[in-house]
Amino acid sequence: MRNTIRLLISCRDARGIVAAVTTFVAEQGGNLLDADQHTDLDHGEFFMRVAIERAGFVLTPDTFGPAWQPLAGRFDMQWSIHWGQPVKRVAILVSKQGHCLSDLLWRRRSGELDVEIPIVISNHPDTADIAREAGVPFELRPVMPGTKAGQEREVLALLAAAQVDVVVLARYMQVLSPEFVRHYPHRIINIHHSFLPAFAGGAPYRQAYERGVKMIGATSHYVTEQLDAGPIIAQDAAPTSHRDTIADLIRKGRDLERMVLARAVRLHVEDRILVSQNKTVVFE
Amino acid sequence: MRNTIRLLISCRDARGIVAAVTTFVAEQGGNLLDADQHTDLDHGEFFMRVAIERAGFVLTPDTFGPAWQPLAGRFDMQWSIHWGQPVKRVAILVSKQGHCLSDLLWRRRSGELDVEIPIVISNHPDTADIAREAGVPFELRPVMPGTKAGQEREVLALLAAAQVDVVVLARYMQVLSPEFVRHYPHRIINIHHSFLPAFAGGAPYRQAYERGVKMIGATSHYVTEQLDAGPIIAQDAAPTSHRDTIADLIRKGRDLERMVLARAVRLHVEDRILVSQNKTVVFE
Amino acid sequence: MRNTIRLLISCRDARGIVAAVTTFVAEQGGNLLDADQHTDLDHGEFFMRVAIERAGFVLTPDTFGPAWQPLAGRFDMQWSIHWGQPVKRVAILVSKQGHCLSDLLWRRRSGELDVEIPIVISNHPDTADIAREAGVPFELRPVMPGTKAGQEREVLALLAAAQVDVVVLARYMQVLSPEFVRHYPHRIINIHHSFLPAFAGGAPYRQAYERGVKMIGATSHYVTEQLDAGPIIAQDAAPTSHRDTIADLIRKGRDLERMVLARAVRLHVEDRILVSQNKTVVFE
Amino acid sequence: MRNTIRLLISCRDARGIVAAVTTFVAEQGGNLLDADQHTDLDHGEFFMRVAIERAGFVLTPDTFGPAWQPLAGRFDMQWSIHWGQPVKRVAILVSKQGHCLSDLLWRRRSGELDVEIPIVISNHPDTADIAREAGVPFELRPVMPGTKAGQEREVLALLAAAQVDVVVLARYMQVLSPEFVRHYPHRIINIHHSFLPAFAGGAPYRQAYERGVKMIGATSHYVTEQLDAGPIIAQDAAPTSHRDTIADLIRKGRDLERMVLARAVRLHVEDRILVSQNKTVVFE
């Protein structure tokens, strides 16, 4: 992915966009590795992701904007370009449970997730060892009654100092304030341990147990100001039975959570996600 | 299944129940084909399903009760016994869409579902041909504004005349009144086209589309007086993407609905389901 | 799909193909509904599927070829175009078991599969009723020892007379001769009741049972001269356990077979499949 | 699980076994937590797993045998009893890739896998850090041309010294000799990175890629003298597409391997598996 430039586009649907974009890329010496597009017919919106081989493409971060602007202006595009390097900087926020943290660290180590993880922040000390073993700075920022606003300011300062691109809530059991969320629009990824919109809020496994469902799920989504209601990136589900206690659901759920969160983070850092109308377009 | 006797038991948990029940069966010449039990530790409840080979078992529908009663009384059991023959009589209620109806009829024809289907009842004429081709009487009972109560009485009369054991709502788009439900406690099986408790009520595929979920589901449950809130028997889910229109969700959902409903009906007619605390114990 | 023109392309990979194709479409007044491409880096091959809205596109079946040829020639393309109408004509070949046949007929009836089914051919009479009820001509062509070659000639004559585009082997338990296969290259779709390449050949459920696998599968593939070795279109699998007898595997497998075959047929008739190197590129 | 006694039984099928066993347990003050049985009708074999609450059960490791023997003798049972404590001792053998090792260590740390892991043995140094961070002794025993027999003897000596109950091959890329296998009959668990029996032997992801399958799988099985042909414990599969390179299959496969191996190990250490006729009976 480091040698792949990603261009994300959204605009009103119109004829000729794909031809215009791919012709532009070809004219700039770009080898098209992938081009995906989608039209939301309900809203007349067009979405596109273009992956261009770095070698041969004559434009640079400095020269791309001026060259591209006429075309972007013609279709009134919203767009962003991602040059593959440097890789994205990911902060992980966590509470007591370390399974998602461990999993993400392992995927970075194995090379599967090509990111920097400059910081792990937690409101509990339980996962400090996991971060330390992986060589990642661990910052403890507890939340006490009445200190939440102050704690959030500290966390924001840490994130700013670490220059992170994206914040992953890897079972961070705190609701973020709207102010916090606004600092990272569609750049905070949460894992919720249920098949949303079922069992939003607290204790979803208990809720699932009490309802007697025959499958449990996990949902990764961008955090918005409304709790558990942001654009969904990835979901999965697994069968359960009457034999499963809440502890069994938690155990089975951990595997779902790890897989679904890792998938969402990978999709995000590979610039495969566009957001519109509180929904995601995911180009895989 | 016709040569298998099924005994379903629930009672307070206590030591020695399994030994007592299996010893009883052995003493009556019964070959135990299967014995499944479950203890709900939260409520101290015990559940058991025993499958006995008909050949060799000396008791009959007439003599079983008196022989069994002392043991049942000792543990204060709720119990039922099912002799495998005659097979269960299943009524199918349907509205405009015939996919679940077709599927159930096909499964009966193939021998997979060993039941009688003496009647199909609908509030619309659309599926009359499907029933006719399968040789099943089709009764049209439309619902007009203000005629719902009368229509329900007519449907109940048809069900009574057909002597049905269980009522399957194969996409019957009418909410049954509490009075109706009380006639068939835990004997009305519905298929809801969502992953309950998500998207209860009307238009679940539209709700799913608007929420932007990445999987859709289907849920089969016993109907209770509270809409879409009865004990869940079976669920399944399938992946979706931003490319799926509502029509695509409906298409994908049809396959889920057919599979999940067929599964629930099979579990019910094989006497594999016990209900407690608005949840099911399913012995497979 | 009837108002969507599909253009399928394969050629050596080169820069500018996507731009050239989409520019051509735009210049001919075509609204691009979908454009998918794939590059097989191992073999340097490029694949593309373009879906164009019929309305507005100025070319016709008569004028497309001459207009397109210069571009096709420039990249040395193999290509085909499908105008959406008339819909494809599908023959179904079947033996004793009717579940896949019933399912495909039901999907056509429901509108999910937008095809003509002018003929059902079988070497056994068992499914004649299913075809008759659906109003499709049923032709019985038994295979006796020594009559196979003659029977194949008769079947080919029937297929030719019915002017079919594609032949679906919906559990047709006869191995087709290479001569037969050559009449419909990559246009005969088979369902094999195992997770190929495991359990190729006869009695796959028995093989699966004896091996003690914990999942069974189904595979739909194009038929080639080599038995069960053609390009795979779709596969699925489902869990099993030690409790499953061969009869249970057959029952569970029927649902897999129906789903997987229906999926492969839908992909084929929507012109979503390209074949190369005995593998499929499936644009969904 | 530490306070649960597990009794595993297999014998010729006969009437009254369940009654006899459960009566015995009740008479010894045992509270039956679970009782699962299965009859293999093909071979007339009976299998049973009984879980007994430790508290109240009057027998001990010393007194159980004499008390149980009359009943075991009557039915000519093969049986084993597992007292829950001390927990099982698991050796992990690994080569260059650490994903399965990391996963098992993490599951032990989280408490999900209640075992001792006294040793990690590898023929390569690559995973030494992973073992060290988890505080588990790591023994490097390389295999050179001509040294395989000697290396196996050393490994056996290490296993014996560590007093392990079960050996887990967590992507150990060496074929074990029949002599080695005979030391741990049905106590060596392997993970094979394909959906066996498809793609046995080396490079299964390459084989899968070249065959163009639409799903990949993973299989955990007991090691027997015949390569990749032992009794299967668990399998799973995941969808793939033409876009997946071999590297993508490897990435997707890692998650399958981790899940499937962890599941097999958990089933084994909870004494939920019986082996017969090269197949497993798995009581979940």
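By letter and in written order, the chains are A, B, C and D; residue numbering begins at 1 in each of them.
Heads up, the rule we're going with is that contacts are C-beta pairs under 8 Å (C-beta built on N, C-alpha and C of every residue); 3 or more make two chains touch, one makes a residue touch a chain.
Given the structure is predicted, the values throughout are model-derived calculations rather than measurements.
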{"item": "Same or different contact residues where chain D meets its copy chain B, judged by the half mark", "value": "same"}
{"item": "Pair of chains joined by more contacts [C-beta pairs], A-D or C-D", "value": "C-D"}
{"item": "Longest centre-to-centre distance from chain D, chain (CA-based)", "value": "C"}
{"item": "Between chain D and chain A, distance of the C-alpha-averaged centres to the nearest whole Å", "value": "36"}
{"item": "Rounded Å distance, chain C centre to chain D centre (Cα mean)", "value": "41"}
{"item": "Interface hub residues of chain B, defined as touching at least two other chains", "value": "243"}
{"item": "Complex contacts: residues of chain C adjacent to chain A", "value": "15-16, 18-19, 22-23, 25-26, 31-37, 39"}
{"item": "Residue numbers on chain B that touch chain A, as the complex places them", "value": "38, 40-41, 195-199, 211-215, 217, 231-237, 241-243, 245, 277-282"}
{"item": "Interfacial residue positions of chain A with respect to chain D in the complex", "value": "98-99, 102, 106, 110, 112, 133, 243, 251, 254-255, 259, 284"}
